[in-house]
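In the two complexes that follow, chain A is the common piece, with chain B as its partner first and chain C second.
This part shows the complex of A and B:
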């Protein structure tokens, strides 16, 4: 049994101005200790996917309209509020994008770590929770003497370490990191990634890494799923995606990254913009921008095709199992 | 080092709590007007508590042979139309004014604050229901509302507190609602929910402490406002009843003699002004001192 198994998830934001189809039928599986990179442009539905695993979609307007999310065999999409509360922070934890705002400014960092420990450990004394908080701070490389300090006394990278300490304090089986390094500068990014990688291995935590940075993915992920307009267009192992890129969108993504080995004057971005998720085109959502689009692409939504074991592409080009 | 660390861990909570207060106190001390305001409030409060010991006369005792005495050594603020010592009455009046201020503000703060927090957190229909009801209350001028409440409930100290407190509920609800709405959208609130905190915990521990600054300022201003409203009620005869000394009713009596006996109206007026100003200065100072983002 997989740790996490998402089946045909559909999430819509139902507003007065129309229904925004943020996530349209995605399937994901994650085994224990594995790291999945969820890659896509802004607005592709990455964060919505993450929030629906946590059941934190703001409702209204958001709604999981279809699909199941199995976590250790339990369907999270139908779980009650209180049962869900026990899972959040304990078995599934989340790291937010901006460490500057993810910590409560009026509570010392030590207390913020101790809080989650206390919430999820029955009958633990405050002293033990504080001790655990101090240990966690040391683990993420912050002197435990600073646990009485407030978030504003820490730098951005240090704050993200605190956030990581909070997320890992209860030893979750699944960690969802929503662009954990986007708000940090490059050198700090590297440090934080290294720290997360080390801790992930140490605690054998499975992780979903949400990012739009393929460099981050290459560094830390085992599996990759590329999202476009609420669907996963291509997924597979890190090697399959990076070395054997199939989907035109993924190819476009790689083409728009500068390559150190070749001297080029201009990058080749993908033409056009992502469609408005409130008004998705018929057929394949990528077809208006796709250089290989044919008639069928504008009419029919493509099926998921397994081009090699574990490597799934959602594109008409591979329909007969043949190469493009 | 290891020893150090252990010390830090075991004593951390107590050390931290104390240092937080110390930190606030350190910053408050730098704010001279706030310190002056605080000293005056403490002085007034002490005088009110120990009123029998700091006053030479009985506040209700009339001495018709000694009416309208100008301030002199025996009666430092003079006497009123019944020969009662005005200084004594002002000191006793501070008891009433401070009590009304504190109790009515507590009523308004607790009721209004909870309503505002609930409205903002749940939003939608709950928000609409609560806020529109409060809008109706708010559409009545607060003094008029206090007057009509006093008139219908009857005069007296308790009812005056109720009336003043009730009329401040909408203001509190609005302030708390506005700050809760802005804090609710913060990522750390979402983070707290994502860590499995219950709704009650999220509101009480993560949202409310971040809304305290405007609430504290408002409270200190409102204590001042409540004192004025209560004085106004007494001034028109709907608040505390004679012979209980109340600054507002003293003003009201003094008004009749304003042309001939200035001291009867100056001193109660000064008492109100000094108290209200000190409260406002102190409130501003506390606001600045409490905000950890202003910490150096």
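This part shows the complex of A and C:
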């Protein structure tokens, strides 16, 4: 049994202006201790996927319209609010993108960490919870003497460390990190990634790393799933995605990144823009921007094809036997 | 030939309740016409302040800015007005740098109207539609408001506004940082095309070394208001000399999974620019720092031909004599 098994997940936001199809039938599995990189541009549905696992989709307007999310065999998508509250923050924790807004500005950081511990540990005394909070701060590299300080007294990188301490305080089995380093400078990003890598190994936590930065994925992930307009267009091991790129969108993403090691005169961006999720094109959602699109791409949605063990591509180019 | 833009010992300090904030502290450099200078540094190193001081949005505390051979540091209002036609800026955040109550065409026309460039309404409309075409904005967006457009299109409006008066020099303050990678590549290509077409000179401010490598002739690396290393773009990546630049380069995550580089992890974070202590500003985070580094500020010296570095121990740590 996998730690996490998402089957055919559909999430829609139903608004007066129409239905926004944010996530359209994604499948994901994650084993214990594994790290999955969920990659895509703004609006691809990465965060919606993460929020569905946490059951934090704002409802209304958001709704899981179809599919199941199995966590250790239990379907989270139908779980009651109270049962979910026990899992959230304890067995599944989340690190949010912006450390500036994720913390409560009027509560000292030590108390914010202790709160999680107190909530999820039966019969623990406040003194023990505070002690645990102090230990957590030391683990993420902050002097526990700063427990009484408020978030505004910390820098961005330090605040993100506090958020990580809160997320890991109850030893979660699954950690969802939503762009944890996007708001940070590169040198601070390097420190935080190093820290997360170390902690992940120490606690054997499985992790979903949501990012738009393929460099970050290369540093930290074992598996990769590329999202586009609410679907996973390509997934596989890190090596399969980075060294044997198949889907035209994934190829486009790699070509868009300026490379430090090679001199190129011009970048080759993907033409056009991501489609409006309230008005997705018929057939393959990438077809209007795809250089290889044929008639069938504009009519039929492509199926998932396993081009090699574990490497799944969702594209009409690979229909017959996995060859282009 | 004298340089197109020359900056001499430029200083910009801000008064704060806790003391003087040294945002830009004694910078010297020049840019040739038609070239791109990439200015790189972490947030808080003074790179945006530098850009704003050069084009006169902020008054310099000391030093000189010489543009086309003329000292423009203390230009008066009328002179500034004239300079606006020659020097422009593209801002970082296309969400906050546009007036939400102006349509695309009004936003682009604003500069043209202020400077009375066009004589008739027809001429103005003509010029606006030319500009929209130049930056790749479809005509159907003429009457759209910024909130109706995505980040990439908004940044195109910012570029059109900057180009409206046909400037020669454009400060680009992190123009692609807020954009997705595929859109980022579109905007970078557009800016390169415009440079080739119009012979523009760019000062490209960014925290992303991989972006500047791609677009710059020369690169200047800043740390807490001071210059730490500057040379030609290729040279910087081939012979990185300053310990800060080395650490900065090694911190960039790479997509090459077979050639992992050895990461130099920097300890701590940027120290405060308010009343900075004497000595090298990078010393508290530098693994090569010794007594001397904490006592005196290193001067910029030409270590290799055309390659300037400010570090006491540059020759030692790079095995050079």
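Rule of thumb we're sticking to: the second predicted complex is superposed on the first by the 322 of 324 C-alpha atoms of A that agree within 3 Å, B and C clash if a C-alpha of one lies under 4 Å from a C-alpha of the other, contacts with A are read in each partner's own complex, and residues count from 1 in each chain.
The criterion applied here is as follows: a contact is a pair of C-beta atoms (placed from the backbone, for glycine too) under 8 Å apart; a residue touches a chain by one contact, two chains touch by 3 or more.
This one's a predicted model, so the numbers in the text were calculated from it and none came from an experiment.
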Side-by-side fit of chain B and chain C on chain A, or clash: fit
Once both complexes are placed on the shared chain, angle at chain A toward chain B and chain C, C-alpha, multiple of 10 degrees: 80
Which superposed partner A:307 touches (first chain B, second chain C, both, neither): neither
Touching partner for A:225 - first (chain B), second (chain C), both, neither: neither
Touching partner for A:165 - first (chain B), second (chain C), both, neither: neither
Touched partner set for A:39, first chain B, second chain C, both or neither: neither
First (chain B), second (chain C), both or neither touched by A:185: second
Touching partner for A:268 - first (chain B), second (chain C), both, neither: second
First, second, both or neither for A:216, with chain B first and chain C second: second
Minimum distance between Cα atoms of chain B and chain C in the superposition (Å): 10
Touching residues on chain B, where the partner in the complex is chain A: 4-5, 8-10, 12-13, 15-16, 19-20, 124, 186-188, 190-198, 201, 205-206, 209-210, 212, 292-293, 295
Touching residues on chain C, where the partner in the complex is chain A: 42-43, 150-152, 180-186, 188-189, 192, 207-211, 213-214, 234, 237, 247-259, 263, 265-266, 269
Partner chain C, residues of chain A touching it in the complex: 41-42, 155, 157-158, 185-191, 193-194, 212-219, 238-239, 242-243, 252-261, 263-264, 266-270, 273
Complex contacts: residues of chain A adjacent to chain B: 54, 56, 60, 85-90, 93-94, 96-98, 101-108, 110-111, 115-116, 119-120, 126-127, 130-131, 134, 144-145, 147-148, 150, 152, 163, 166
